[in-house]
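These notes open a run of structures that come right after.
Okay, so subunit A shows up in both of these, paired with subunit B first and subunit C after.
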Partner chain A sequence: MNDKHIEMRSVRKVYRFFTLDDVSLELEPGQIMGFVGPNGAGKSTTLRLLMGMISPDAGEIRVLGHVMPKAQAVAKRDIGYVSAEMRLLPHATLGWHMNFMKSIYPEWDGGYAAALVKRFNLRIEQSARSLSMGEHVKATLLLALARRPKLLILDEPTTGLDPVARHEVISEFMDVLRDEGRSILFSSHNTVDVERISDRITFIDRGRVVESSDKEDFLERWRRIQVQLPHDAVLPMLPNIVKREIDGHFVTLITNQYSEGLKNLIGPYVTHVQRMNLEEIFVANVMHHREARGK
Partner chain B sequence: MLCIHSMYSGINISQTDARPMYLQIMEQIRARIAARDWPPGKELPSIRALAAGLNVSVITIKRAYLDLETEGVIVTRHGKGSFVADVNGLAGELKEAELDQHLGEAAAIARQLGLSDDELAARLRRTLEKK
Partner chain C sequence: MNVVTRKLIAKELYVNRWFIVGGSLSGIASIVIASVGKMGFNVGALTWLTTIIATGVMLALYGIMNERKEHALQFVLSLPLSIADYVGAKMLGLLLCFLAIWLVSSAAALVLVFGKESVPDGVAPYTVLLCVFMLANFAVVLCGAMHARSEALTSAVIVVTNMGVSIFMFTVGPMEGINKYMWGPTPMWNSTFWSVLGCELAVLAIALALPFFLAARRRDFL
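After this line comes the complex of A and B, so read on.
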């Protein structure tokens, strides 16, 4: 039985100036995945492929068990998709949009929608045209959330939101995850948000997945090791070092596979072993992969 | 003055704290148990409820609960939830049940071997002397 919410295998999509290549992703029900990458890395293209809005040139895509883009009509009933490019009808009110969604989606939860209007500080009589950028983002999220879809695919959902609005929106995401049958895939530049709320994290750069893993796994494996060498001492050969900076007697190492064994190999010269936050891990990971690919 | 009351409003996660989030959560749960705000036998919030309450991923709370369980601070019963352990109570009871089960298995093997009750008791005594 196939119970994964998202399954992408070796997906390829070729454009004139950009190629998405060998992208594989998996998302289980009950999980939230943060999708992180620099601008132009292929995040939106990947999400559009998942939504069946574009077809892959190679590879397989299944969403909620449905083959995409072939079965997109069925799959989309249970997917809520929000991207910054989405536009509401400028002259129609938020209330009109809510009624419209209600008429299409039988699962529409009117009570929850009304609660979200309040929590997001919106008003149903506001026309879409009069919404600020942040209000527009919250309105499109509301329209997706109140359908209570099994899977939410959100392209940069917190971009353009002030810190208070971001907090409101993130609280709603976590509320969705109370139900272990639901899941969220969201792309973001904000590594602080991703680090806090994601169960799984996928890094993408230049059209390729750099790494995809459990968040705790990322945070446990990566370390910055500071070493002060005595005069004339040389560091032994060390495995799993992705970056090495030497400044006189001082050496800074970054490893993606920390263990006590590695520390013992360096011996008594280690002065500090530091954990890294997700942003530091992301940058080191991307730079390391760019180097490896450049060779 | 703004005053927020929520079930877990006292548990805070600092993003400027160098320690990982799961360690921060463990420490604050331990403090509640030590202060008896969470008495022995009290049911902990479910992993998903606490994740939603703190706006922290499920995997982080899972990690915290798993480590607290390894430390013996909490006890998780499958399908029932996690509870504050009590060395003389809940946790002790679970350990006793485990001991009874092992003794039962030992008794069954002794029967298979045709050992008398006295012989089995003598073996147990010898084992205890070695420890």
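After this line comes the complex of A and C, so read on.
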């Protein structure tokens, strides 16, 4: 049980205007999980719970086998945490921060840190206050990555980065995962990044986990089916349809359990079966669950 | 004390190094001004008081409130430490920063009292009480900033503690056991002095200890 890097069981956190409810997550070593949700869905709250910065009102959290937040001081030795809104100490330089981290973490890899400074085009003599938003994110990533942590917890790490910087950062994530003992949990509302690098995806909306599965599983199951009905034909009752749009004789169906059997049920009227990208799946999934909850 | 706590204390001293130097120099300069005539004494005493009050307030504001406001707290809390470790490191780190300024300023004030002939040695007990009051005052501001989540509440603590300085002067200054000997040639370390000092040390101890029992046990620190 304790070899999982992250285990959250039925976690609940109540605020005055927001409740994170019954959240369960699991992350195995070597996995990269994309944690996707709209603004205010509870992504940052979940990651802060994992870091022990806030305590759950109910449920159990274990990170790298340690109970959180009780054992956070031990657990955080092997966790690299970066948040888009996190800032370094404004009056200290990047070089000072690097030395500071080196003095705390024995695993600090000076050579790798120097390489990242070069790759990210940062200057160690620059004070944190003078870094742009993108530089700040890259600097915090550098400080997290050069510690060679077992687990990276990243809260919207690519926010504020230009496409080139995003590519650089995501390449570094891929490098981290060359070591199979390491894992990454990263939250984002940018589904393009998530689709590129994640092997497992969890959708969260309005404080609840909507669905969690392997990326390939999502991409295989979800399909958009276009149907053109003859004048007097009616579609039969179909299972696993999450959305149905009708425009005259043209019907667009979205299913979360596509199979040849479903296609056969519709019959000869199917004109196209299209794969969906992660953003389309995410939006359809969230809207479907909102409707289901509304009922 | 673990290595992260030690490094964070060192961080406070490093980040505030120029502030400590500036505050200490200002404290010494105030006493130099106070040694030059009656007008100089009034101006110097006012500058000395302002230096100690302002440095205390600014250390608490920049060290705690701004760290939270500018999201640098997330960076610190991502380090391998518990909330109790953070509270301990922050309290000790900022206390050391203030102590450096306070010790220099207090020592300079006592040098003026005992070294300058025109200033009677009898004022020494009052000076010591004022210095310890300023230290306790800082501890209360620090304690307030550690617990308050809003700037408004921290500002309220600062206003109340600043008013405390005036209240101290109006209440302790006229006390018979203090006032009667203040302008005499020898300091009188009498029971009034020890009673007031005891109260100040009690406030100091409570203000420094409270965060370890309350803030350190807070369930949500962000």
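Rule of thumb we're sticking to: the second predicted complex is superposed on the first by the 294 of 295 C-alpha atoms of A that agree within 3 Å, B and C clash if a C-alpha of one lies under 4 Å from a C-alpha of the other, contacts with A are read in each partner's own complex, and residues count from 1 in each chain.
Note that in this section a contact is a pair of C-beta atoms (placed from the backbone, for glycine too) under 8 Å apart; a residue touches a chain by one contact, two chains touch by 3 or more.
Note that the coordinates shown come from a computational prediction; the quantities given were computed from them, not determined experimentally.
Aligning the two structures on subunit A places subunit B and subunit C next to each other without any clash.
Superposing both complexes on chain A places the Cα centres of subunit B and subunit C at an angle of 140° as seen from the Cα centre of subunit A, in steps of 10. If you count the residues of subunit A touched by subunit B and by subunit C, you find the higher number for C.
Legend: residue contacts after superposition of the two complexes on their common chain; A:178 is shown touching subunit B, with no touch to subunit C.
By the touch criterion defined above, A:90 reaches subunit C but does not reach subunit B.
Looking at the shared chain after the overlay, A:162 reaches neither subunit B nor subunit C.
Of the two partner chains, subunit B is the only one touched by A:216; subunit C is not.
Contacts of A:245 after superposition on the shared chain: neither subunit B nor subunit C is touched.
Using the contact criterion defined above for the overlaid structures, shared-chain residue A:198 touches subunit B, although it does not reach subunit C. Taken over all C-alpha pairs, subunit B and subunit C come no nearer than 26 Å in the superposed arrangement.
Of the residues of subunit A, not a single one touches subunit B in one of the two structures and subunit C in the other.
Those residues of subunit C lying in contact with subunit A across their complex are 2-4, 7, 11, 14-15, 67, 70-72, 74-75, 77-83, 85, 219-222.
Residues of subunit A that touch subunit C in their complex: 48, 51-55, 69, 72-77, 79, 81, 83, 85-92, 96, 100, 103-104, 140.
Only residues 13, 15, 18-22, 48-49, 51-52, 55-60, 63 of subunit B touch subunit A when the two sit together in their complex. By the touch criterion stated above, subunit A contacts subunit B in their complex at residues 30-32, 167, 170-171, 174-175, 177-178, 180, 192, 196-200, 214-216, 219, 274-275.
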